[in-house]
Amino acid sequence: MANTRDDFNHFHIMHTRWMDNDIYGHVNNVVYYSWFDTVINSYLIEYGDVDIHTDPVVAYCVESQCTYKKGFAFPEDVHVGLRVAKLGNSSVRYELALFGKNDKEPRATGYFVHVFVDKASNTSASIPADVRTALARLYR
Amino acid sequence: MANTRDDFNHFHIMHTRWMDNDIYGHVNNVVYYSWFDTVINSYLIEYGDVDIHTDPVVAYCVESQCTYKKGFAFPEDVHVGLRVAKLGNSSVRYELALFGKNDKEPRATGYFVHVFVDKASNTSASIPADVRTALARLYR
Amino acid sequence: MANTRDDFNHFHIMHTRWMDNDIYGHVNNVVYYSWFDTVINSYLIEYGDVDIHTDPVVAYCVESQCTYKKGFAFPEDVHVGLRVAKLGNSSVRYELALFGKNDKEPRATGYFVHVFVDKASNTSASIPADVRTALARLYR
Amino acid sequence: MANTRDDFNHFHIMHTRWMDNDIYGHVNNVVYYSWFDTVINSYLIEYGDVDIHTDPVVAYCVESQCTYKKGFAFPEDVHVGLRVAKLGNSSVRYELALFGKNDKEPRATGYFVHVFVDKASNTSASIPADVRTALARLYR
């Protein structure tokens, strides 16, 4: 999949924390997924009118993946590109690429799949209309 | 405050994770508080019949503190002593000490204060009876 | 890939922490990768004679993935099955499955790829002999 | 101690992550300490010329404390005020206050004590000159 900055129309800057660095002086591989999670949910809240405290339909992660090419280290910022690769009735597949401030090529790329679920019945649900509109804007 | 193993009648073993180690090769100072949190809540769930998913009265942390004497490093286990130092109507002050497997002296000590709150009204509430009984057993 | 308990000959029990639970009451998807990381590195340290503080050759994660089927929640324990699916000259692909205490079917499965690197030159290195022996024992 | 915004001359904005929220919908108490850690080390790196990867003298946390008055929740930002309350030969005591974007009163306050240590000998060391200059500027 193509992953230069031009392949994304939405970017979000993530910030490193001191404790993100592991014993080898790089941000630990696990932390990258917290950036995925944070960028995606921030988008849903800001653009899709999602309220994580009260919405009856919520999004659960059913799959995620990351390929690591070059590391990040605190106190660096991370420029995250986000796009939607598949938009189904009740699920969405996001693709992400992580860039350093001046990088043209990503240091890491990955994907993340959300399934929307009715919290009360714990069964899959259609993506709410506002969310769908917001996600469609990220489709490339 | 006295903090040998004899000063505690409840112990809980915590486990380190790879990412707990920071760039200096020790468990990061922040992680100690996740052990405090976990030991205390585990005790409340196991002995105080607390259900964190459904209970109307929940416990919020209003203060915590830790003094660090000697480090831990992944993959070491941490032996946590827990006692109750003050048991009020709606609040409880825990004291904790963290030992290595064969240590007589703690590597870190600290305290943690819970206030019980009615979730719906967000006002302080009396400690539920089962919880109080469990906490009283830790009082020294 | 087959992922019953019988498909693994090494198991490691991971422990949840209070803060692992997210706003929906389940362990957050990110935390699963810290279990992957911890189980794998614990194995390398215990069986492959790895010293993460001083070894000249270290293992970096270059890819990881997880499929989530059913959640975990604090204070549950997680039974992690670990096997080696590919063992190259300088890289290894692990496969993992996460079971609840009494589960026959995994609640999550995933993989994790380590590349061994000479820390000083930052170039790939052959897997050290003791590590290779330990990894070969997990090959299925 | 006085803790309005006027009592601090250095501010740093911290960002919440999705997984910081706990089961009660607030940022977990543990996370506050990662903000303390991050704000302090960011300051040392930016203004005190600290290189956490190569410096022979490093700063270890020997004590920390936090008082929680009102919660934060993802995706809120946190405005952290930082000052130096005591500046010794080899140690420094920081005081911090955490504000919401429009808050006059802090939602949490705390302190954090660093001791400077010679990494090779693991004995306490004088605060390096550049660091001392930077810290003196935060003294109030």
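In order of appearance the chains are A, B, C and D, and numbering begins at 1 in each one.
Heads up, the rule we're going with is that a residue touches a chain if its C-beta (ideal position, glycine included) is under 8 Å from a C-beta of that chain, and two chains touch if they have at least 3 such contacts.
If you're wondering where the values come from, they're calculated on a predicted model, not measured in any experiment.
The minimum number of touch steps separating chain B from chain D is 1. Just to note, of A-B and A-D, the chains joined by more C-beta pairs in contact are A-D. Between the Cα centres of chain A and chain D there is a gap of 28 Å.
We define each chain's centre as the mean of its Cα atoms; on that basis chain A and chain C are separated by 23 Å. As a whole-number value, the distance joining the C-alpha centres of chain A and chain B reads 33 Å. The multi-chain contact residues of chain B, meaning those touching 2 or more other chains, are 18-19, 21, 23, 25, 28, 30-31, 34, 37, 52-53. For chain D in complex with chain A, the touching residues are 14-19, 21, 25, 34-35, 37-38, 41-42, 45-46, 52-53, 73-75.
Interface residues of chain D facing chain B in the complex, by the touch rule stated above, are 23-24, 28-31, 33-34, 37, 52-53, 58, 60-69, 71, 119. Residues 18-19, 21-23, 25, 28, 30-31 of chain C are the ones that touch chain D when the two sit in their complex.
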